[in-house]
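Working notes, beginning with the structure itself.
Per-chain residue numbering starts at 1, and chain names A, B, C and D are given in the order in which the chains are listed.
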Amino acid sequence: MMVGILTGFGVALFGFVWQTSLGGISRKVVARLQKRYGPKWYQEFLDIFKLLSKRATSHGWIFDLGVIMALGGIIATAAFMPVTNDIFAFADFDNFFIYVYLIAVGMLGMAMSASGSGNPLASIGVMRALTTMLAYEVPFMVIVMVIIKHAGTSSLRGIAMAQQDAGMWYMVALPLGFIVAFICLLGMLGKKPFETYIAPAELASGPMVEYGGKQLGMLFIMHEITVFIEVSLFVHLFLGGAENIFVFLLKYFVVYSVANLVSNVNGRFKIDQVVVFFYKWILPLAMIQAFVALYMNGWWN
Amino acid sequence: MDIFTNVEFIILLTLGFGVIAYLVGRYNKTAGAFATIIGTAITFLAVAYYGLNGELDFTADLFPAFSYGFSNLGIFFAVIVSFIFLMVSFFNPYFVGKYKYPALYSMLFMFSLAGAMGVFFTNDFLDMFFFFEFVVWTSLFLIPLGGSKKAATMYYGFSAAGSFALLFAIFMIQKETGRFNMETAFAHVFTTKQSVVIFFLFMFSGFAKLGAFPLHIWLPKVLGKAPDPISAVFSGGLEKLGAFVAIIGIIRFMPMAITDTAGLFAYLNATAFLSNGMTLLQLIIGLLGAMTIVFGTLMAIRQDDAKKLLAYSSMSNGGYILVAIVLMDSITFSGGLYHIVAHALASTAAFLAIGAVSRQTGTTKMSELGGHIHEMPITYMVYLIAIISMAGIPPMGGFISKWLIFQGVIDKGLIVIGAATFFGSIGSFLYVFRPLAALFLGQQLPQFKDKVKEAPILMLIPLLVLSALNIVTGIFPIQSMRFLNINAVLNELGLQSLVFNGWTIAGHNGGLQATLIAGMFGIGVVIAFVLFMLLKKSKQVGLMDTYTAGNFIYTEELLHYSVDFYAPLERLYEKYINIMKNFYKSLANKVKEFGRVTKYFFFTNKPEITVFWIIVVIAFLLWGDIV
Amino acid sequence: MESTKFSPITKLSKEEVDRKWWEIGDFFRRNSLWMLMYCTGCCAIELPPAMTSAYDMERLGMGPMATPRQADVLLVTGYLSLKTLRRVIYTYEQMSEPKYIVGFGSCTINGGIYHDSHVVINQLDQYIPVDTYVAGCMPNTEAVMNGFIDLMSLIKNKKADGWKRYKENYEWYKKNQIDSLGEVQVHDEYHQ
Amino acid sequence: MTNTINNVEFVRNLVEDNYKVNKTEVIDQYQVSFEVEKEEVHRLLAQLRSEGWIQMSYLSAIDWIADNEFELVYIVFNWEKPVYIQVRTRLDRDNPVMESIMPIHPGCKYYEREAHEYFGIEFPGNPDFHKPLILEDWDDMPPLRKDFDPRAYSDAHFSSREYPETHENTLGQESKVAQRESRMARVFKVGKGGKK
């Protein structure tokens, strides 16, 4: 058990380091898009450690408790995440619902402390974050329901092994589901088309408005680990997990860069456009994919 | 002390305490309320201690007309409902002074508990109907104490419809089996036509009492307008009567196999309607449950009154219980039972926390409240733990039951119901967060600057006990399931019991080690806390010192964001919220219209018309003989 | 700009360790300067060219931030009328320490072309401690980039202690502000 | 849309027939200005408004300190006949009082408050013309009057940077002042066509 817990937090640390450096690289890629050099690859580390070195202002005990709860919840979630077939913390307790709901702990902690700061911009930002979550979460879970039903198990490693044994990734088996899940991934990562809740122009960076110094640093760490969880979740569910670490890092890099590039050419939706977009187009697509996959499986082969 | 093991004595004792509470209440209001605390405490301890050890004896010697019978399901519900009554009774002394008839309040409070105990323990359908009506009548007079007669009439309307449907079903059973006894009714095999009708009637009364989709109009109005403790009792305890009747209806009277008649009834319960072996009836009830979840969530998101919001949340959770039961799968059913426990604890804690705030501020409208965390931190923490459980987030009980329910929904491959349950669980996060942000956090409003203080000790006891239980049911689900012996209930209803290997609960597609998740969450928080403490101390800053783009702001209430919290989301479905209300209004107008027509024809002041109708009626009656 | 050599930490005294931590902190602080662009006047037009591909200040780790809580550098770009100065002081006090100020253009140095106006102040560092100036009546973008490099080297040599100066002689700054502005926190017709 | 030539004619006939106009001036085909006595301004503006000049574009004041008079300029505009009419009037400088025209153009409230704040002209009839509009905590005389010296105010209230008189070269290069002056002299010579 102790070994499991240690490897769990090892995975969380690895996730943080890997995603932060990948964030720096992707900022360079985006800069190259705009014909400029872009920051150093370890710029995200510099930002986070600079924030942790500053003396911030705090708005009361709930403001700090929320940040601690958010970071703690996210570290616990990352601990359950299997990296490859043999690097994992706990054998069969990594089922899908732990991630969806433990990320909600992070969201709740941040939301609680943001609205505890007394700034109306933060509350509006939190409202938008929750509304966006309502929009992208339902189609994603419908698609994952199909995967769990099809693979027979809800543990990520099980699904990854199922795809490896069958030799067919769910990206190929459920093409429509893959597109839906990728768009939901953009929503989860808070990437540009669905970035309404951190909109710097309208809400002065939404929930983050009152944070500075170490609180903001801890929230940046939480954001990096959340991105790691969501992208590796996507890799395990749709790209068949990974035999060894390099395959995992490669798949992870490809998924994150594609998401980043897609997000850099997009504007930003208004908040009710986000909800209408997801419920008018993405959910019906997910429903069709689910119906075809579950009830008409004998149809095409 | 063997008399306490006798069920009939416990019920009589509760009634007796009700009368004592009334008499003492006439003399001094709060003393009467304290009597209710003692009464509910004794009832709960007797039912819980003896019930869970299985030593209750069910002989009825004082009143032979009533007969009681042993059933694990009944004990399970009785323990939960009496516990909720005990927790809420701690609030009575502080709230009873506000109402017009304090003594009557205490008495009816005890009577409705007695009635609920009666429903759960009896094994005779007619007694069950009597106790059912007794609960409806006692709680009926509790509601207008909160100031709204219309809520009471609406509550009575729907409950009466539910009760009469139950009565009609009971008489159908009696005609078929000759006796009102439950065991014989359960054992008897009804023809599909009869079993479908009985099933429909049971579900109708279950829906009416649970506040599920078609008959949900009364729930928000009653829970919104009733006095605070009573709405807590309703959402935590009395609503579970509906779940009890629904369980009996589904498990005992749901026709599974096709017996004889062809045609519509055969089609209705064709076994393999879907490839996963669910019958059409199950699917219909499941879809109704799913619609309850979706409409409950959508309506809860747009409420401004915190109590109405929690009322819609208990409607949505009622939908969860329905979906969990109707899937007839042992894991999901245990999820449903566990959800009853988790929801009862969480929604009672939330209602009582809001009640503690509204006691001092006088209102539960979120647009008028704000920033109460600074005066009432403990109430805030209680409400936070309650909404973590209601939203189904790991360290609390709500997560376990939602996890179990998802197992069944996914295993059966129900797409629409699955989407509805996912929508409900994410939506519940939205609407439970709204009172947290609008009522507790944010700016402190000047009008409550010094009026609001932390709730007194006696009120804090139940709040802390409930949140402790919320945590315990979340971290040690296996122990709490064994404590409430849910497996015995499952076996009694003919389902295999849950499989616990070591610390994990075995689901269809994976194990759940709740203690490990909570442990990791705890360790994660410790790590974050250590990191927080290592770094520089941050400068404490007042609430007014926020980023306002350089403007100098001196008025706090302008800076509190609480009115129309989810405005962009509400605008999307604003036009469709009153469909069911208008449906019932038009129904009411049609009945009035029909009444006017008959009045026009039959009750005229011209004697010759009435004479004419008398002749017609006599002729009709004697038709066989005359011709 | 040579990077700091971390001398091997022997048994250091408390303030030695603090100084070492502060040195490491300075390394991070100067390589990721987040700026709050308080665009008071015409020099603000010099910032977009500094951000875009020609000069790309992101190479230095600098990026725009929305609120004073998150920012480290306050760029005061342009002339400061009395009303704007009140808001600049209020925003400066909301920033988290250690914080730096860069004054753009001659208006912040000696009042520039508005030196004889009745509403524009002539010397910014009488009211808030300015770490570096970028001279020029609308400084060239290269001058802006040199200003940032100067600030970074100042931080490295531990001379960018404007915020310490503000804290130490706080009364002096406050007296200057009251003399020139009357009072900083003003009530206006709409926010009673 | 009648063509603009006769619009100006139309306006001139309209105003000059009914009012004693001290001075009229046609600035261009879209702008005409009339100088009228203080008492007739209300009647004129009311009539112009009924004729279609409904938009009160601006009210500005000019300080003729030599004649010891303020001049108020009301600029009204008509969207159908696109002609700006400037109604000018002269006020005594020592006791500048002008009845407010809010009954005719309610929008003029803030222009009048601005005129009061910067010139000190009273507008009885405007409920809060004395309130500060733009300047915060202003304690001196109205600043746009000609007799107000902003430089004196600036020197009094804001310290300015002292520069040392002698500019000795710290970097040891010889001074380029002489070259600079000769170059400027050549530029001026060319500018003035070689004449001194």
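Here, a residue touches a chain if its C-beta (ideal position, glycine included) is under 8 Å from a C-beta of that chain, and two chains touch if they have at least 3 such contacts.
Please read all numbers here as calculations on a predicted model, not as lab measurements.
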By C-alpha centres, the chain nearest the middle of everything shown is A
Sorted by contact pairs, first entry is A-B
Outermost chain relative to chain B, judged by CA means, is D
Note: chain B sits from chain A at a C-alpha centroid distance in Å of 35
Whole-angstrom distance, CA centroid of chain B to CA centroid of chain D, is 74
Between chain A and chain D, the Cα-mean centres are separated in Å by 60
Residues of chain A that touch at least two other chains are 53-57, 204, 209-210, 213
By the touch definition above, chain D meets two or more other chains at residues none
So chain B residues touching two or more other chains come to 545, 547
Listing every touching pair of chains gives A-B, A-C, B-C, C-D
Note: in the complex, chain C contacts chain A through residues 21, 24-25, 28-29, 31-32, 34, 52-53, 56, 58-59, 61, 64-67, 69-70, 72, 94-98
Listed in rising order, chain D residues that touch chain C in their complex are 131, 135-137, 139-140, 143, 148, 150-151, 153-154, 157-161, 163
Given the complex, residues on chain C that touch chain D span 82-83, 86, 109-111, 115-123, 126, 176, 179-183, 186, 188-189
Per the touch rule, the chain A residues reaching chain B in their complex are 5, 8-9, 52-62, 64, 67-76, 79-80, 90, 92-93, 95, 97-98, 101-102, 104-105, 107-108, 111-112, 115-121, 123-124, 126-128, 130-131, 133-134, 137-138, 141-142, 145, 148-149, 151-155, 158, 204, 209-210, 213-215, 217-218, 270-272, 275-276, 283, 286-287, 290-291, 294-295
Within their complex, chain C touches chain B through residues 67-69, 86-88, 90-91, 94, 185-188, 191-192
